[in-house]
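I have placed the structure first, in the form of structure tokens, so that the comments after it can refer back to it.
Should a chain be cited, it is by its letter among A, B, C and D, assigned in written order, with residues numbered from 1 in that chain.
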């Protein structure tokens, strides 16, 4: 059986199933059982089946491309399967299609997305059950002060979820940039809908708008990139773009194709990356993600932690071959800034979900950093591991919120005993994200939870880069280190504040209870994943790393040489990073800072040896800065939003005051002229005749004294007209004859 | 030499005709009485008439030039008739005007304007 | 030649086969009708509307005589002068006369319908109308100074009476007086001008005068000759301009239109204008181009015709300048002055003035083109005739509606038409169509009227006039639109309700009858074009 | 008289197209004379007429395939199809000349389709229904005629025919300030059409022999030494002036900043169905005119003035979006969004014309212009939908103040769902019709001017801004804040049936744009290739200064018009009979 035909088929099925469930729920949702409870089963069924299909496809893939240790780093590169399903539009040579580009990365993404999504679907059964009956929403007060009572929207939730899964999978399977952009927008709109799920809440709808518009800013850049590529290369299809930018003739080395100057190539890369910045909430467009936590927690877990926000990273990885070193450097810088910034904010946040949101931003920063430094595998690997443990963490927080009815950590505490499963799984999550593990000791190589491996790769790449580019290289490495340290600090701070110690709010504590199995089940599954995600199957070469290694972009194995603009910046080859000398340093330093962060957190919140308040006081300026999120929202409001609104008001005024004024007054002017003319007819004519009459009188003609009346005026005008005409004609005549 | 010294010729008639014409116009333009105005009309027409007759006469014509000959006199006759008819009509209108306004002062008729 | 030979000639020329009289039959029919009407009044006083029916009969007879039956077979005959050169009988005469007679039929019916004259002086009314009609026929076929004078007077004098025929109405009599005085004055000026021309050119027959003119120009005119000729021509033009109500000789028009009844206003604004334009075309045609009839024996002329044409160039230039000036001023003035009006008839009066301006434009164009290509000149005259033909329907319809509304409401103020659309939508639609057609919007016939005129102007490269014309079209939109707006959009006034005149009623159907051509002629231009070209066919050669 | 010889396909074509155009007018006439007084009947009758016309146009749209049934459209055939050509006024060489190609057919179908929906949406009209229906049908005749006419004069006539019904529809059935709006609309459009008329005459007189035939004029305009190159005024060529005049005339309709201000007023005052037609169809005529007339006939001027066109387009996009953001009135907002969206059309067309400058890859031009066409159709659907939805809620609560809505989602769920789809379509969401047009226009613009393209691309942000803000203010939120809250009943069945096709089309075109491109692209490509050939002509003396130094090669000595004019002897009415056989049909 030929995998080139079977895998696309399976993936297409896996991709379209959620769409089907979306359509069904959209049409008949409310009629599916009481309050549409069965829609949940439909959606979940769909996603589970597509999960199965995805793994089946992966299986088929492995039959062809089984990773071998011998293959080594980038040795065995599997040919991607690319093709088209149908054509959208065709202009001569230019074709725009719905197609696919499948390699192990695609398949891994499919499996990850569907798997996580399935867990979260199941989790949502429990989490959203209150939507089955009428809901009282205290956060959306009516004008009379009463809390709003509304119908439940259980089925709508799953409907949007299905739509999202469809869009996300489409984004992953997309065979060309345009298709990516299409689903890029679709996931955006899904996140808009789901963030604004509690649409009665002003905060929610604001957050939705913010998310979508900020994303649009990114998309704007992306469109610019698209334009450059489309006009330069005349195609969007990944396969063709790669073959043009890294032709086999040139040994898959980056070179500027005809029709596209190097500058435009850089511009294209930056544009595409700009889209990723928006989607993956990188600095400076990171502001939307924390607000996006207004949505239900499963949404945060699925969309804003595991999948959609990772889409940016995914695209960077997918488009990696086209990025010039300059672009990669920019990516690295942005990632570096982001991870540091977000981590600082996460340290001071008290809303449990916001802490996680900022940590997400920070982790995405890690991935970007890795990719930017040439650590393709590192970035991708971290994408997957992060998906696992971050969704786990979010679901745990959801379970906590569900139990306590609040997001504020200061009101929690001491929940360990009340909700054991949640606390333990969450602890696992924290360990994973902090990168707990045993670094390389003499002989045996490092070993730990999933986060340990991925972060270790990133550190290694950072370190390697700093050695390769001694000039400014170390910055990235140290920033990453600090970030890692802060990560473990705020994660454990979170855990301690939530579960450890004694309850701070008796009322909350008394109501708290362990969540039902439908919620804890997924927690456990994800916990397992968070532990093992980065491991190979025992006694085999089969695992995430080798699988992704297959998808490594051709020509990047030996790193990325310097570009035209920055000739001396080179992205080192990744496999060098795993040389013993390099990796051991990286691992230990990472381990050390993680430990440090853990200890600090314990000291502050676990054992209460140190008082956070003191720290706040001592570092008050910093604290203010962090707690106000570096005043980004205020800054944007000041610099962008208000000016735009003011300008739009001006435009409106221009329309009303200027243009309409002109139009109306020109009309009025004509009328005025008319009136004037009428006036001439009445007054002027008579008066001239009067004048004329008086003149004739005063010339002393032998006339009697005359008085003018209408008829006579007319007659007078007859004569006057005659004379006038005669004079005029004479003048004209002289002019004409003189003129020749 | 001026008009006054030279023997009576075509130009004298034309001058008189012109004077009549101008007088007529001025009379029309200055008389408030309808009848006065009508007289002005007559003067104008007769001014023209005089021209025609003068042009028509074979005596006054400078030698060797083509003239309008009898046509001049004929037209003059026609014009006299026309003038009569017009006067009749005008008088009738004046009468109805008098009925309506109880005066023959043309300045009273100023309802229609603008 | 001895006397009886002369007599022979005259008689043969007059009543012989193909003699003058058979070309003169329509006018004769009109005269006979006049007599019949008067007699009928004496003989059968009991029959109230005898006058109308006899008039109708006579008019139809005239139409029958006027229709060029022979054209289908023989094609259009060349122009010939009848009555020993007093009149000229050619296709132009035929077509314009037919137009006038057709209009008269419609008009008579219309007056009968409004019934303002359903009194003892009905007969007089029709007699006057017919008399004026005869005068107009003379105007359009004038070939002789005397005929010009006679025609103008015959056409004018009865109109004075008509204007004043509403007894014991100050306004009416005032209008009549003004009309009479102004008209008489204009006639006097014209006559004086004619006398000057005749004197200087030494002839009273227009073609001969042209010949002499050529002679004089050829031999180099002296300064005072030129002066007198220019003055005479100008005075002649004053007479025509008065008939056309061209600025600055228009003052009578608004007052007369307001003072007289709508019916009379319609007659003056259409018929006498058409006649005046006919006369204008005649004069321009004669003086701007040596016609075939120009060369009577005994006049020594420049060697060939082309030279003659060239010699007349200066005259043409004079005519073009004069007409363009008058046209531009008239059309602009009329349109602008129409704004302030509140009385419908007064508004229509100013619109009439404006249209007179439009209609003088193609004449100017013709005069400009004659020298280079006579065909273009004919096209221009054809454009004028198209304009006239369409204008006839539009204006008659407008005045008819005004009259009917006056009969229904007793008011002619625009404000009183408010909300008419509710009561009598049909009439409003007709009025709207007419108004928009007067603006010149497709798909209404008025569009073609303006379009063809503009085409002529473009052809003659009179860009200034073209610009003014286009501008005026835009200006005119405002006040026409205002009328429609009041009728259609404004709410019905509370104190009284608008009249109800369904299209199915007699008068309604009459309005519809007049409105149909306003739409139809847009699509069936070909027919109009054919007649217009036929009329222009015999000019300028 | 073989005009009823229905075996002759030519005759059938004539009847088919003429029927499509004049059936509504006929219906209007019948409506006027019918002795029935029931308003319901009038509405039903007019609806039936519009439906009939729609079916006929659908018949036109069916791909012919191998079965050459009369009227079917042959896909992939770029040239004119279903050509009907008869004499009308021979002495001016004016012909009754109709035809369809990939550019006009979609617009024709859009017109008939929207007319059906708008007529159905007119059920709520209760004031002098007879007149309303009659005018509406008359309007439809005008619109269809404009899109089908290939004779310049005929085109102009239909163009004017739309004017009056629209004036009355706004002026009589409109809102409180209807008279102002109506007059404004009337004057703006009339001023524009006067310019168009002048341009038509100039072209008519410059072409030799004189003709109103658009296709012939286009051929003449693209000739190497075209008579349109002679200097007309101030050193500018005939085609330059013609282009400018025509462009202004069409830009008023489009509308482009700064001559757009009639649009918001007209929309705000017009009743809902009229707004649907106005936004859905009338605006398209501007774009259609530019595509069909301006560029093919005056390529050099278009080439020279492309920066103006594109600039105006971009300015309109930004300007409209900004203005929309500042609106308090729901309908005004939608109107301004129309200004913004039609800016894309202008940009697409303009960029298409101008890329001739540096690269001869016709594919991008084709794409840009096809994008513009697609944008027109898409905007026809989305804007009509938006106006309809606004109307639905306005009929219930009788105000349009955006700040006094909110919470509609709870009150009218179906309505809100539909609104979401339509608004997202307007926002340019992929998978809905609004997206492709914008994307292709922007992609096409890049090859003309990167700056303009980038500016244009930035508009997506503003668009998202005002649309989402509107949605938030109207549909979201805890409760409805305005008056007449109790009147907020769910959509009636009729309203659902009107909205459903719009939604369906929006999705269909969004998912499978090829369905439309199959019709549009071949023709566009043909036009583009012609333009390419034109711009590859040696233009030694035709540098962008205009055509000053050109002598006047084609100055006519004695115009043949006169030859035609000289023959008044032929009997009067033969000239009126349209002769059935095609003598000199459309161009080779």
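By definition in this document, a contact is a pair of C-beta atoms (placed from the backbone, for glycine too) under 8 Å apart; a residue touches a chain by one contact, two chains touch by 3 or more.
Predicted model, so just to flag it, every value in this text is computed and none were measured.
Engineer: Could you name the chain whose CA centroid falls nearest to the centroid of all protein CA atoms?
Structural biologist: Here the chain at the core of the arrangement is D.
Engineer: Roughly how many whole angstrom separate the Cα centroids of chain A and chain C?
Structural biologist: Computed value for the inter-centroid distance: 79 Å.
Engineer: So how far apart, in whole Å, are chain C and chain D when each is placed at the average of its C-alpha atoms?
Structural biologist: Spacing between the chain centres: roughly 44 Å.
Engineer: Can you work out the whole-Å distance between the CA centroids of chain B and chain C?
Structural biologist: Result: the chain centres lie 27 Å from each other.
Engineer: In angstrom, rounded to a whole number, how far apart do the mean CA points of chain A and chain B lie?
Structural biologist: That gives a centre separation of 99 Å.
Engineer: Give me the residue numbers in chain D that touch at least two other chains, ranges are fine.
Structural biologist: 183, 187
Engineer: When you check chain A against every other chain, which residues touch at least two of them?
Structural biologist: 667, 678, 681, 710-711, 715, 718
Engineer: Which chain C residues touch at least two other chains?
Structural biologist: 177-178, 181, 185, 189, 340-341
Engineer: For this structure, give each pair of chains that are touching.
Structural biologist: A-B, A-C, A-D, B-C, C-D
Engineer: Can you name the residues of chain D that touch chain A in the complex?
Structural biologist: 183-184, 187-188, 258, 261-262, 264, 319, 322-327, 362-364, 366-367, 370, 407, 409-410, 424, 429-431, 435-436, 439-440, 442-443, 446-447, 450, 453-454, 457-458, 460-462, 464-465, 468-469, 472, 475-479, 481, 512-514, 517, 521, 525
Engineer: Tell me, which parts of chain A touch chain B in their complex?
Structural biologist: Its residues touching chain B are 678, 681-682, 693, 696, 701, 703-704, 706-712, 715-716, 718-719.
Engineer: Show which residues of chain D lie in contact with chain C when the two form their complex.
Structural biologist: The touching residues are 88-91, 128, 131, 156-157, 160-161, 163-164, 168, 171-172, 178-179, 182-183, 186-187, 190-191, 194, 198, 201, 205, 558, 562, 565-566, 568-569, 571-573, 575-576.
Engineer: How about chain A: which of its residues touch chain C in the complex?
Structural biologist: Against chain C, the touching part of chain A is residues 667, 670-671, 673-675, 677-678, 681, 685, 710-711, 714-715, 717-718, 720-722, 724-726, 728-730, 732-733, 736.
Engineer: Using the touch rule from the top, collect the residues of chain B that touch chain C in their complex.
Structural biologist: Checking each residue of chain B against chain C gives 14, 17, 21, 24-25, 28, 34, 37, 41, 44-45, 47-49, 51-52, 54-55, 65-68, 71-72, 74-75, 78-79, 82, 85-86, 89-90, 92-94, 96-97, 99-101, 106, 109, 111-114.
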